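Across the two complexes that follow, chain A remains constant while its partner is chain B and subsequently chain C.
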Partner chain A sequence: MAVMFLFSSALIWLVIGIVLGLISSIKLHGPGFLSQLSWLTYGRVYPASQNAVVYGFSAQALLGIALWLIARLGRVSLQGPGMIVVGGVFWNFAIAMGLVGILTGNSTGYEWLEMPRSASSLLFFSYALIGVWALITFHMRRERQLYVSQWYLLAALLWFPWSYSTAQLLLVVSPVQGVMQAIVNGWFVHNLFEVWFSFLGLAGVFYFIPKIIGQPLHSRYLALFAFWMLAFFGSWGGVYADAPVPKWVSSLSIATRVMMLIPMLAIGLNIQSTLSAHCAILKTNMVLRFVWVGAISYLLATLLGIVGALRSVSEVTLFTLYTNAITNLQLYGFLGMVVAGGIYYIVPRLTECDWPSTGLIRFHFSTATLGVALLVLPQLIGGVLQGIKLNDPQVPFLSVVKSTIPFLGMSTLGELLLLVGNLALLVNLLKILPACCTCCLGRVSNSTPQPKAVAVGGRI
Partner chain B sequence: MNHGPLIFLGIFLALAASWYGTVVAPLLQFGHQQQVTVGAGSTRYPAARSGQAQRGKDVYRANGCFYCHTSQVRQSGVKFDVVLVSAGTNKAGLISAALLIKPGITADEARKLIEQTPKPLLQGVTRPEADAAAKTLAIPDVKFEIILVPVGGDVERGWGSRVSVAQDYLYEQPLMLGNQRIGPDLTTIGARQRSAASHLLHLYNPQMTVKGSTMPPYRFLFEKRKAGPRPSPDALQLPAEYAVEKGFEIVPTEKAQALVAYLLSLDTQLALFEAPMPTAPKQPELGASTNQTSAAAFTNTAAANQPAPK
Partner chain C sequence: MSSDSKKPSRPASPSSGGANRPQAQAAPGNSTAKETEPTAGLAPTPIWLILLFALLFYWGQLYLDNHAGGFDPQVYEPYASVKQVKAANPMSDEGAVIAKGEAVFNQMCAVCHQISGLGSAGQFPPLAGSEWVIEPNPARLIRIPLHGLTGPIRVKGQDLNLPVPMTPFGETLSNPDLAAVLTYIRQAWGHKAPPVTPAQVAKVREETASRPMSGSAPWTSDELLKIPVTQ
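Right, the complex of A and B next:
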């Protein structure tokens, strides 16, 4: 039931994040929009929306899925659900503090680490609460044989505290000098997306796809090979080609980034081979569709990231919307879809109630997929065009900016669709919650198999 | 089989390796840079910022200016100029050398070319061409300079004279390089626009200074107040079509003033060992020793570690 708490609050942050994102997106083509208020200026709303989506939604919902998977795959009940809910409450409190900090102008100035120090310390503390109980659950597992997803999950559980605390120490607590900050920041962001989120998301992909089609994963060894490749090469590539640092640092980043082709192909091949004979299920099963779109987005985002890191391509795409396109594909295409699939799969099993409306699920899928496409494709194309024009000094800067506006307009539309789609998920979840409570209470009166979980469930 | 400890150890090694390679090793190499002395004088670079400009940097951070503006100049390569500094006494030899390095010209044109010094003989050539010219010009008594000129979209847009390097950011805390160019690069904005009044007008309403700009107005950094019998010295001089109603005036707050002080402080790019660029006034005596060597010895700054031009 702790999982339900994480899911619900994650979705609320997603909606908040997308609304803020929508505001910032509108500001890009209508600079006068809401410009009177200092806390709604673009440079504050934009990071606030990103932080809400990354830490409020993605991280929280993925942790929820991770907890459920660890318990499920280990055939044990979740340990310390009460402490996890407390951790979750603190986590949400930290994010609220962080967003208020950013909106009132107390951002740290480091990308993806904008939350002020008080908020980030609390975030770390609450992560520790959740993570420790997740590890204890993992340790207590009754099924000793580890499934692939558990490898990914265990790695992810340990990866985040290491990289997050290191980045905080070297940037906020006792800052390093000059460009070293950019390197540490880049390293952290890269680890966050390419390793931590990838591990969590892929754990879901490798669980849900075989489970739904009722067939084992094509190759366990291929998945484990991809795991080690991701772990060893995924974490290096945070420095872009033209960064103002000695060339060997960025070259190392580019080289390891190109190596990411190997895990990418291994993962793609594995999913493709697992699914190939069962494509018919894609038409009927909504969860599979969500996860499948998520997996494709992951592969695409990785590929675009590799291509964009190459020196010759980076010359054009650096400092353009291309970068945003990849981030959005990772956040809304990969994580958003896998999480949605996960929620649609897990919640009925937790609450023993069916989703009130399958129509809303279908509606969510169509709008979210279309939304991601509309958000990412224009930024991708617009970004490349913007980069080409930026590099041509004959084109005045103002006309470079103006040429991106139609693309930005389409992205705003995509963001709006995403909002509508995810509201559908939220509505569905809010409808199932009361039902879930009565379910649980019903069970309490009959028998009391899991008193702890029920107590927590009641609090929700 | 229980793989828990194995996974733990493996990912610890993986993370530690990337941590060592991308964070510790650079930290050891250039994590403790010092101010350097540049030029012939005793200019220390980079200079620390004044208190007001430093407070302005806080305003820059708080309002997230770096989500739209980068602070980093890129360059795609370098070109070379060969400049004659002093023609010396062997005029005939120099003319034939000039004819060799500029095959298209006539003897008359060559004579005119060397009449006045300093005079650029070749402009925008590659390094092998500059090296060849240096060999040809190796005539006793003839003095010339080979000047390295950074090229690239950013440089040609006037956003800077050379590529940004680590030394430039020594005192930046926090470092806000930015990763989007929704607005122009600001590395040298203080040199491009030296007027504080223009900066203030631009912040108050970007449309007044740049028609069609997509930058949001920062009115909350300004105060609208009743004008006294005489306008305040700080009040913005608004153009007629943007004027506020009579009896009121727009006055920048301390934050706006500080932000502008910060923007104005972004005005220096000096030639560094690792990032050479042409220095404005050419001093002939500095080039005295260059006529024996190849293009490797530059008068503007030594550039031994400069990658070979494309």
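Right, the complex of A and C next:
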């Protein structure tokens, strides 16, 4: 099954991304670590890690969940699974090419667009392959009544090709001049997170929470309201308050960023009202716990982003660990947790097998939650302290740098915990694949091309 | 998520999504399962959220009004208006001369020579790209606005006969003004000729002191060409 392929390879990229992130994190407090290898210098390892997690893991796994949700909610089987697997293979190939490109020093130098042009073209092409079949599946749906998640998914499917191709054209293919580059890059990164990833992740949140507690989502209107607010205000931000650009650009960015409070509140209210009477399920259902932590991380990251965008706060927090903390909270706290919940929910339904080890799932949840907290909190606190010291001309720069070391050390520990937790998920997944091959084979007579598709997943 | 972790919490109703395994008839991966999919309730959006939205939107407009520098691309943080930006970036002497020359040009010269410096075919010769303007030694160029110019002249390879003599400015413009406007036309429109100094203008005034500035003795092309420029 195409979705299994995307999940498995996404997890591998997650592990690769976290390992690279761990290396870059260690380098921050132990600069001698691996310093003689030019491939693994900080300027290459850090973007490589980010790209592996963003495109390899988050994007790929979320696309997998999106495909499953589109098919499930439309009550049709996934159209063109073969083409999607081909697209997935190209996608992974593109990321491998891109990471090698970044590590060999051929980065484009734009945040989250570091992959060299050949890799990013291939990435776009494979996205098109996957996206077209997702849209066809959506079009073929038998259940005509649309559920909330489907709006978010459909918008997300169209949002990525638009923002990605625009950013590629304006930055890499025929670059715009001067500060326009910074504006386009900021716009792209912001759109990728605040709109694309948010839409995909929230589609999952809005599906899994009501599904698991077996109750309808609190309000369709609230979700619709949040959807349009996100789509409208989410795409303007991304330019820092003190950026050397025309002032109205950064002011507009700040004003729309503050408007994001509205969708944030609408989403929080919707989730809270849906869940409030059923909190007991949180104690026992691991999927719900993952998704719930993910949703909270999303709300928290949005709030921190809004606060950090304000002029007076940005004066302190810009160029500090604070921004890293938000990125990590979004990547590992929101997307990582929602994706893990989604995988734990979907895989048994695809393979008709139970997860081999419940202990590993609990272990993953504890380590991942603790890991996110350890990764994010020290960076938040350390970032604010760092910013206050940086703004004080009496404090020498080197002592500011040195004072961040304990916080960076804790972050490394958090990253390590994340790695261990996600390895638990990977182990569980690798165990389920052979097990489900046998259980599918038992039933092969009445099921369609499953064994073959599982084998595709099994190769990874 | 093995069964033991979930089953206790799950209500017995078949609509529960907490099922650990798909329903029996669901083929893996295909979505034709008859499981109930989530629906959405119809609770309205609370009015306080809408009001908060209106309030924030209003704030946003005020914020933009106060912090967008009139949407002028020249205004950047931390300044609030073009005026402040200009005050914070005083012009260099050279820039001030050019700005003054441009003002004089737009007031006195652009009527005939146009702001574009292209003149008007057959009537007013072009300045943009003219060899008379960008000649490194300004000895001939300075004489033209001092006393005016008349008769046939060859500019950019084209012969033209001025229908009316050019107005002399020797009496209306001071040496610094003349120097500024000449410097301006020698550096506008992509020209890169060296500037003209007030001292150079003063020197030419001295050399031509016997020539009336009332417009009764404009220069001709032949006269100007006799003045040496190779020094």
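Please note the rule applied: the second predicted complex is superposed on the first by the 444 of 460 C-alpha atoms of A that agree within 3 Å, B and C clash if a C-alpha of one lies under 4 Å from a C-alpha of the other, contacts with A are read in each partner's own complex, and residues count from 1 in each chain.
Keep in mind that, in the parts below, contacts are C-beta pairs under 8 Å (C-beta built on N, C-alpha and C of every residue); 3 or more make two chains touch, one makes a residue touch a chain.
None of these values were measured; they are calculated from a predicted model.
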item: Touching partner for A:T351 - first (chain B), second (chain C), both, neither; value: second
item: Touched partner set for A:G214, first chain B, second chain C, both or neither; value: second
item: Chain B versus chain C as contact partner of A:P244, first or second or both or neither; value: both
item: Touched partner set for A:L252, first chain B, second chain C, both or neither; value: both
item: Partner chain(s) touched by A:T284 [first = chain B, second = chain C, both, neither]; value: second
item: Touching partner for A:T166 - first (chain B), second (chain C), both, neither; value: first
item: Interface residues of chain A shared between complexes with chain B and chain C; value: 242-247, 252, 256
item: Of chain B, residues touching chain A in the complex; value: 1-4, 7-8, 10-12, 14-15, 17-19, 21-23, 26-27, 29-33, 61-68, 70, 72, 74, 76, 152-153, 156-157, 163-184, 206, 210, 212-221, 307
item: Residues of chain C touching chain A in the complex; value: 1-6, 8-9, 11, 13, 15-18, 20-22, 26-33, 37-46, 49, 52-53, 56-57, 59-60, 63-64, 67-69, 71-79
item: Contact footprint of chain C on chain A as seen in their complex; value: 1, 3-4, 68, 71-78, 143, 147-148, 206-208, 210-214, 216-223, 225, 229, 241-248, 250-252, 254-256, 258-259, 261-262, 265-266, 269, 273, 280-281, 283-287, 311, 344-345, 348-358, 361-362, 440, 447-448, 450, 453
item: Interface residues, chain A side, partner chain B - complex; value: 27-29, 31-32, 35-38, 41-44, 46-47, 105-111, 138-139, 144-146, 151, 154-155, 158-159, 162-163, 166, 170-171, 175-185, 187, 191, 228, 231-232, 235-236, 238-239, 242-247, 249, 252-253, 256, 315, 318-321, 323-324, 386, 390-393, 397-398, 401-402, 404-405
